[in-house]
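Okay, structure first, notes after.
Read from first to last, the chains carry the letters A, B, C, D, E, F, G and H; within each, the first residue is number 1.
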């Protein structure tokens, strides 16, 4: 399939994977492998010698072909997000940063004002900025204007599995956008990821749906297939809807000839 | 993936493909090949020496690994459908018959009364009966009781591309059914086929969405991938929906520590 | 509003009300009054002197202006439904009969074969037959052909409150039907009843949504208003959907004149 | 019904009406009357002696009981919106201002950054600020924090008639909001307005759906009824959805007793 | 007079031989409202209930309208 | 030999009396592929087609598989 | 008296020097309804319109309420 | 040598005066993986950690990458 272009980076996989909420580091790593993902989100956390397994940097590096996209989770303001980005880059060596500023723990919805300010600053510092945003067409365009590499509108609340509830707005964002649009958050199943790709998203970011599946590695593979199917369908030209039925078989009446 | 079992037949592909409405026999054959389908629908038509290309029996046989499932399109009554089934079996040598009785050319919706009667007769004659039906849970169960091999509820009107508009009823049919449920008609894109598989359909039957795509062969491959993804997701255990957000990243407040 | 015509009967209210599942006979009667309904369903039950309040015939007669539509609930076959209809007419003196044949207590979905047979017989006997049916366009048309007064496709499973899940099929039924189409079962809130009327239903039948509301009488009034609103909107001409935005305000640029 | 409280103003009608796109001033005025609305939006336009009918101030004042809510349509920045608000207040004598800043004429989606800034300023100047916003929960909360009187999230693009496409986000906004939430833009029919009220909106603002109806006055009345129905349903306690059917009739088997 | 066995609304019951349907209704407290009576699958109209004498093993159903959707 | 009238796929047609179904197929160019043959609603199997002689007013349908959904 | 150039609602226009805003409104037929007047981005209230004399290059906007959503 | 008080990942802690950031990491078992170190909001690069001596009341954060979406 045609590669996903983000800044100067090119990825053959269009499935971005989050690493939170897995039952174990092993389960997460198996899912990363079977998903074929090349861009993976991680989050900063204070070192704790009792939870050495927390540290994902080593294990993820060993897989190979993986680029890290740290997020700014925990930041409630632009200032905090910028600081988290600086620390993350120090640790990851990656120019990618997922800007994620959600002050309210009940719904984890992004703050458009703080997100806009943080993205403006980080883009000017040369980060490849990937903001997690509400499905807001004008905000998306303004983030493009300040130099974001992609916009990542939410499908529904993080971890809710309520799917692409924002489809109408996301399709406007796609129509107007000059940068890749990636749906992030809320996708529950591969069919939803496939639908996002059919709409014209350049990629999808999934975490909970894989992490809490009974078999995360199998679910990761299923998402990978569905994302490819959706991209392929988009380029193959999806049929238009019709208000009426259109026969696929000849309606020859020979059968009635003798009745 | 686990095989699709229909009567004594076992298929590795869970995508059934219709052969109508393609721009050319060549386009159809390319789509059949790239879809990996093993069960293909065809329709009876009077021989016409001017349209020798109409005759699909030869070309489909050459592909290999394809089982034919003739349909009874054109039949408006149980009696006509039974006659079409007899003629079709003579020609196909296949025990599969897609019972399709739709008296109204405006919407091509199946007739439950005539369909029930035709299926009763054909099942008793040893056909592997695959009826195209409205998404009617009790009808589906009664068809199982008279010996149908599968039931194929419609997603929406044939060729309309309005998708799985009957999802609520189809999921009841699946819950109650002791035979494979296959969604037939109305699917517009791979994401819809994937969703049908996630719901628990054993397979999907697609025709228009592939036949009228800009690139039918690529669309056929996309459907194949999506069907596999949906089946795999079903078995991997899809996450439940949640009314609220559930964080995927630590919300540690270290970033605010000094603000 | 224009009256609802059913056989030779004319009703100013387009809200039909069921009487089951209410907390008390009083609550039910208050709801009937505040709904303004003129056609009410009841069900046969064996007399039990310990539950004299069960008997709704007297109280409903006292309200005045109410026509009874007994249902055949409990019938699992055409034969049982016909018998229930005879007994009900004896007791109600009303020509209306709601044919309701649902063999499966898990989903209470109607049996199309038995329903068709029962309706054929009862219509020939002069009943005003109102069958509760799956949202099946051909079945609906065949029931019209055998003399039914109306068809009542289900919106979703009885008592499930899942709304008009069958909208796509119901709209085909409406387009093709020569008799009033009434949505029965599954409606959860007034907006859904309103939407059914906007689609072109001639009336709606509601029971659970009113019976289990915190305030059944107020909910009954809300449904009555919503049904009127939907009918009025249907006749006032609902705007078409548009793929794009269309300004409602002048976009004069005077404000920017000096910037 | 309980009144709608906006700042120190109390309205018995919960339907706000826009005055754009009507075929004539007379049609608009008839719709305003039959809707029973008490809060009406208008837009500034340069005076043109050839289109004296443009001037709605006089005619609307004559109706009586109408409060004007001028909008800032045409403004592309906070600065322009603030200027439009000052001019509008001068002309209307009303403290209400609908802040509407949409730079892109293709989709007319609001700009969250400029809208936030304009609202901050106007609220501090004592306006009753009613911003038209994307369905963004955090933006809504921040607008409440700077003193807005209400937030008016869009249902879908202005004039598109695509309905409450943002329902999932709007319900989060309602759950979190301490000020009235009013759905503005995109509603196509009364059932959608009714649904918005059932969700917990305090009012709805409608324009195109009434203005372009075949019979605007009748449609306005239909919306008024639907809004009342939705509010009444909300307070009467809407039933929960159920995954399964729940019988409304006794399933006594007496009918089968002798079969 | 000897008692006879009948079935009333699915329950076995004894009543005095020679009783009429009307008497059964009165005994059952079912004479103060509109009811439908079915004896051995035959509907017994109000005007017939005095005359109709019950016999051994009669299946009697007495029905009313209850709440239904 | 005299011609007889038959109906082939709904069209009136004349052929030489005594012709077999197999001969009709050859004349019609329908002998190079798999076809189903129905004469007066009876299916005529390949092995029967040489022997089966057509008669005046026979209704003949020759069918193939075309694209269908 | 000499004419001066002003801009009225975006259009260049000449009026007699020394004219007031109120006179401009009368000339423009805008004195029979409620209008808002903005001169060089400053709002001119009704009570100020007689006294406010227009000068060369003044930008004048006269605004009314039209239909809007 | 006297102990000094610092804050490590939000927790009060004492270490020997004159200790370097590198030494603190070794004591904390944080020297076997890639970590980010922030002292008083300033990032301390790996190459600076030996030289950077901790002082009374320093706020030290040692961070790693954990799972996140």
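By definition in this document, a residue touches a chain if its C-beta (ideal position, glycine included) is under 8 Å from a C-beta of that chain, and two chains touch if they have at least 3 such contacts.
This is a predicted model, so every value here is computed, not measured.
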Length of the shortest touching-chain route, subunit D through to subunit E: 1
Chain labels contacting subunit C and also subunit H: B
Listed pair (C-E, A-H or A-F) duplicating the D-E contact set, over half by residue number: A-F
Which of C-E and A-F has more C-beta contact pairs: C-E
Averaged-CA centre spacing for the pair subunit D and subunit C, given as whole angstrom: 31
Whole-Å separation of chain centres (CA-atom averages), subunit A against subunit C: 44
Between subunit F and subunit C, distance of the C-alpha-averaged centres to the nearest whole Å: 56
Set of subunit H residues in contact with two or more other chains: 9-10, 41, 61, 63, 66-69
Sites on subunit D at which at least two other chains make contact: 18, 20-21, 43-46, 71, 73, 83, 106-107, 109, 157-159, 162, 207-208, 248-250, 254
Touching pairs among all chains present in the structure: A-B, A-D, A-F, A-H, B-C, B-F, B-H, C-D, C-E, C-G, D-E, D-G
Subunit D contact footprint on subunit G (complex, rising order): 9-10, 28-30, 33-36, 38, 41, 43, 45, 61-69
Subunit D residues touching subunit G - in the complex, by the definition given at the top: 18-22, 25, 28, 41-49, 52, 54-58, 60, 68, 70-71, 73, 83, 86-88, 90-92, 158-159, 185, 205, 207-208
Subunit G partner contacts - residues on subunit C that touch it in the complex: 247-250, 254, 257-258
Residue ranges of subunit F touching subunit A (in the complex, touch as defined): 9-10, 40-41, 59, 61, 63, 66-69
Subunit B to subunit A touching residues, read off their complex: 18, 20-21, 43-46, 71-77, 79-81, 83-84, 100, 105-109, 157-162, 188-192, 194-195, 197-198, 207-209, 211-216, 218-219, 221-223, 225-226, 228-230, 232-233, 235-256, 259
